[in-house]
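Next up: some structures, all given as structure tokens.
One chain, chain A, links the two complexes that follow: it is found with chain B in the first and with chain C in the second.
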Partner chain A sequence: MVKNKKTLIIIIAVLAALPLIFKSDSFHNIMVLLLIYATLGEAWNIITGFAGQISFGHAAFFGIGAYTSSVLFYRFDISPWVGMVLGGIFAAMVALIISYPTFRLKGSYFAIATLAVAEIIKQLFVSWKFVEGATGISLPIVDDSWLCMEFHTTKLPYIYIALGLFAIVIFVCNYIENSKTGFYLKAIRESHEVAESIGINTTNYKTLAMVISAFISAFAGSLYAQYVLYIDPFMIFTLDISIKIVLLTVLGGIGNIYGPLIGASILIPLSEITRVQLGGTGRGIDLMIFGLLVILVACYQPKGIIGLVNKVAKKFKKEGEGNVEANS
Partner chain B sequence: MLKQILNIDNITMKFGSLVANENVSFTINENEIVSLIGPNGAGKTTLFNCITGYYQPFSGKVTYKDMDITGFTAYKICRLGITRTFQIVQTLKEMTVEENIMTGAFLNTKSRKEAEAITSEIMELTDLTKKKSILGGSLTIVDKKRVEIARSLATKPQILMLDECMAGLNQTEIKDVMNLCLKLKESGLSLLIVEHIMEAIMPISDNIVVLNAGKKIAEGVPSDIVNNDDVIKAYLGDKYHAKSQKS
Partner chain C sequence: MLGQIISNGLLMGFIYSLVAVGLTLTWGVMDITNFAHGEMLMLGMYSAFWMFQLYSIDPLLSIPISAAVIFVLGILIYKLIIKKVLGGTGLTALLATFGLSMFLKNLVQYLWTPNYRYINGAIVTDNKIVIGNIILGMPQVVAAIGSIAMTLIVIYFMNKTKTGKAIQATALNRDTASLMGIDTGKIYAITFGLSGACVGVAGALMSSFFPIYPQSGALYSILAFVIVALGGFGNIKGALFAGLIIGLTEAVGGYFLGTQFKYALVFLIYLIVIQVRPKGLFGW
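And now, the complex of A and B:
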């Protein structure tokens, strides 16, 4: 039996029903973005929530995914589905190159390296002709097609692709959390010394976590590119995206598989609504409100909203048991 | 016949100009409890770290079952069958007692079921079954020490190294640990124990090694050690050593 299976299936079923009940275009738009960010949060949670290694550069892997599928589609007419998988592999390779050497060192070299990596890749892409440099890539517009992952008449297919991806990812994360690898990653997070003392090759496990995390992030990137149909280095390899991933997971509940979904369900609607209501001047207001929420959470409930929910649930359970005893 | 399992050969460890271990040598045999004693700062924990791969010794050699393991990484040494605990207890705070121990049990299996089976066996042995759902961070210091021993045992070591795991325990708790050590010895393990509580280690040790200021000053069976002048001096200081005052 898979732990949490029932809860996960219910959540996914509800998410699948929502766009059929609320049919407005703006709601559908929010759902696509929300699911993409929730997926990114899940990916980030593996390396930072489970393994405790802080990454500030997940936009890099998101961007590698976005660019790989876009360039292949734009230059060679290769289906974004293929590009998605290749993007995942490229991102995993980059993650391996960054993380293996930095994880071998003691200290915060990894966190620093992740901060630099998105910036370096951005500069690279800005001056790289083959990927259209700073101009960015406008994806060729074709009729609605599953093969080309383009839909202009309805957003529903995007929602269900994003939901499919999110569902796979959350099940994978749930599986990891309850397996040997999950135990090992958490042991590394709690104490490096203990982990080594019970036979855990900490460098390899941290690297593995990072590779899986980058692989997943790239998938979300490819999907995002197919959804917005235009990418440039400044909008993709931006600290803004990396920080959003961090904040939404911390608010929802770091190290918890439900955390990213909860966080994204608050941040993404907030972002979209302030953007639409306030236009260009509203830029950053979402992050300001969100930052405030995160500070509140960090002060009162470091485990995020899910931690709060669990605490309340426990309290009710205890009171319930108390009543049963009182009645008997 | 005694069969050697671990050999410490002339280990020297320096921190800058401070020599924490100086040419320390001794042997542990299969199925034997060896205790390492000495005043605070004698270099016991440092020696633990040198044996288990946390420090690279400056010179000397550690041999385990005829294999030179000097300078091996810590996780490799554990995989070979040597597991240690820490003087400053290290609990995996956000994990329950059961999960703490399971993490150790996963060394020899990929299967969660098997890890759970090993864990429940070890929780029985260490009297932790009732506390299995408590988070590591909310345990008392005594239980934390117990969990640490249990987690180490879950890796199924051939040599278990305990660094002051009885400090702060009351009489009955110390008795429990002593019995556990004897039980483990009976089941075939070798133990290397760092401890200050003489009443606890004298009755269970086959051999005692005494360190002082980084050097080995004595080695022998417990009855010899308690009568050894150098050992008494090291513990009480020259000033209070009755025999040396007389002379």
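And now, the complex of A and C:
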């Protein structure tokens, strides 16, 4: 555990230094998105990586966060910081409500149920006048201010807010993974029946994992809305976002706290760079190449990048003394 | 009026069923969530469109061509991609098929622009069948009949032929099937091809009354996921009935609640039914 903490602090320090070394706007843009997606990946990892319940509907929690802070700011001039916390609470409440009916389902039936919930929420937002329906909300533009979480001259504050959020989340995930709850969740993942037979209340623990996961996702959603300053149901609640979260975590290494960061560090720059270099023609070459790369990674590195890292680490371990804990 | 809505819903339901039958084959037999299923459907629609545009072959006549094209595409997808990810977890396959879906969608957009295309002047266009005060569009009726026929063919194939039985055996237990001398690799390839043939037929049938564009398969693939789960994974009869339920829900719900809520209702129906039957209507 102590070793993990050291590694985490080093990672966060490196991430904090990067935007000061590379000062280009496009690099800063990539960093903000990368950290937001890595945070979402960590959140998804709790319910799917630890507890083994595949969610295809995390866009719902992300969207609730984005909409709560945006609507409060747009309609009532309430600071996005307050909106962020309220968004987290709303998302956690929604997670609590949908947990009871959905956690009776197993495997793909559960996965499709989460997808269905997200689609229902999307449809409701599309026809909900108070949140501007399908038109979406353009956030009021104000001068750079920490209170309103809007910065137009530099992206650095966004990076540090996102990094702060990510740092808290990865420490929380590290804590959960090594706590009793974490072991219970992994027991549920490995075998639902066995977990139940040794007296774990599976529904309660899965619900707890879902609520924490939703709470975190909503924070990332609020931050995303403040960053892009415009949201509509089709871009926020889309299956594409839910799947992107799945993709980057699986790509990095599922069930591993470093996985989402590794996955996001590959996927987000890749998608942004191909978009900037090859997009714009409107002919979709960027997404074509992106899709092709995703296929290649899936075919040739099915255990995620962390699998590769572990393999290399094991080699070093064999050459070295052999008592270094390479994994976890 | 209600009769009209119900018959429209049922006609649509049969097409949903066929798309879902294709998906349930790969999902049930190979436990692979094929996110590119909708894109295979979209390619089926395009192949009918190009047959019509370039060689003036009516979509009705190009059904077998389109089925063959997507059948081959399905086998290619299996050989080039799915085979490599079978050993990993289900999520790895998902990663690959999602990448594939993105690739196909944008490849089509690159080659043939994102514009909507229509087939004008097919045999079935503008014809109607009038029964009492119910008016049925000919394209929809033909599509429904075609879908029923293809679904029956698949059911016959699965239950009466040796290959079909081998597919079922592989679905139950891959290792045992392999021990019994079934070439599971070949079975998987055929299953993927068959899944492709289903959407190839569906695509050709739909091409005469739906706009054809790169995103046109996306909605159907989400609906097909729900239909397959509603019917029970790997269950063809389940997919057939669930497709009809979804078609009806969409039409009736759209009429009473407003079209903007019809898909919300479709997903809600799934959540409700699954409470009573946690493994789908026909799951076990």
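The criterion applied here is as follows: the second predicted complex is superposed on the first by the 288 of 328 C-alpha atoms of A that agree within 3 Å, B and C clash if a C-alpha of one lies under 4 Å from a C-alpha of the other, contacts with A are read in each partner's own complex, and residues count from 1 in each chain.
To be clear about the criterion, a contact is a pair of C-beta atoms (placed from the backbone, for glycine too) under 8 Å apart; a residue touches a chain by one contact, two chains touch by 3 or more.
Since we're looking at a predicted model, the values are computed, not measured.
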Looking at the overlay, what does A:Arg275 touch: chain B (first), chain C (second), both, or neither?
neither
Of the two partner chains, chain B (first) and chain C (second), which one does A:Asn178 touch, if any: first, second, both, or neither?
first
For A:Ala116 in the superposed arrangement: first (chain B), second (chain C), both or neither?
second
After superposition on the shared chain, which partner residues are touched by A:Val126: those of chain B (first), chain C (second), both, or neither?
second
State whether A:Leu293 touches chain B only (first), chain C only (second), both chains, or neither.
second
Touched partner set for A:Ala187, first chain B, second chain C, both or neither
first
Which partner chains sit in contact with A:Thr202 here, chain B, chain C, both or neither? Use first/second/both/neither.
first
Chain B or chain C: which reaches more residues on chain A?
C
Footprint overlap on chain A, where chain B in one structure and chain C in the other make contact:
none
Interface with chain A, chain C side, in the complex: residues 27, 33, 35, 81, 84-85, 87-89, 91-96, 98-107, 109-110, 113-114, 214, 222, 225-226, 228-229, 233, 258, 260-261, 263-264, 267-268, 270-271, 274-275, 278-280
Residue numbers of chain A touching chain B in their complex, please.
178-180, 183-184, 186-187, 189-191, 193-202, 255
Could you pull out which chain B residues touch chain A in their complex?
52-54, 73-75, 78-79, 83-86, 90-95, 99, 102-104, 106-107, 109-110, 112, 115, 136, 151-152, 154-155
So in the complex, which bits of chain A are touching chain C?
54, 101-102, 104-106, 108-109, 111-113, 115-117, 119-120, 123-124, 126-127, 239, 243, 246-247, 250-251, 254, 282-288, 290-295, 297-300, 302-303
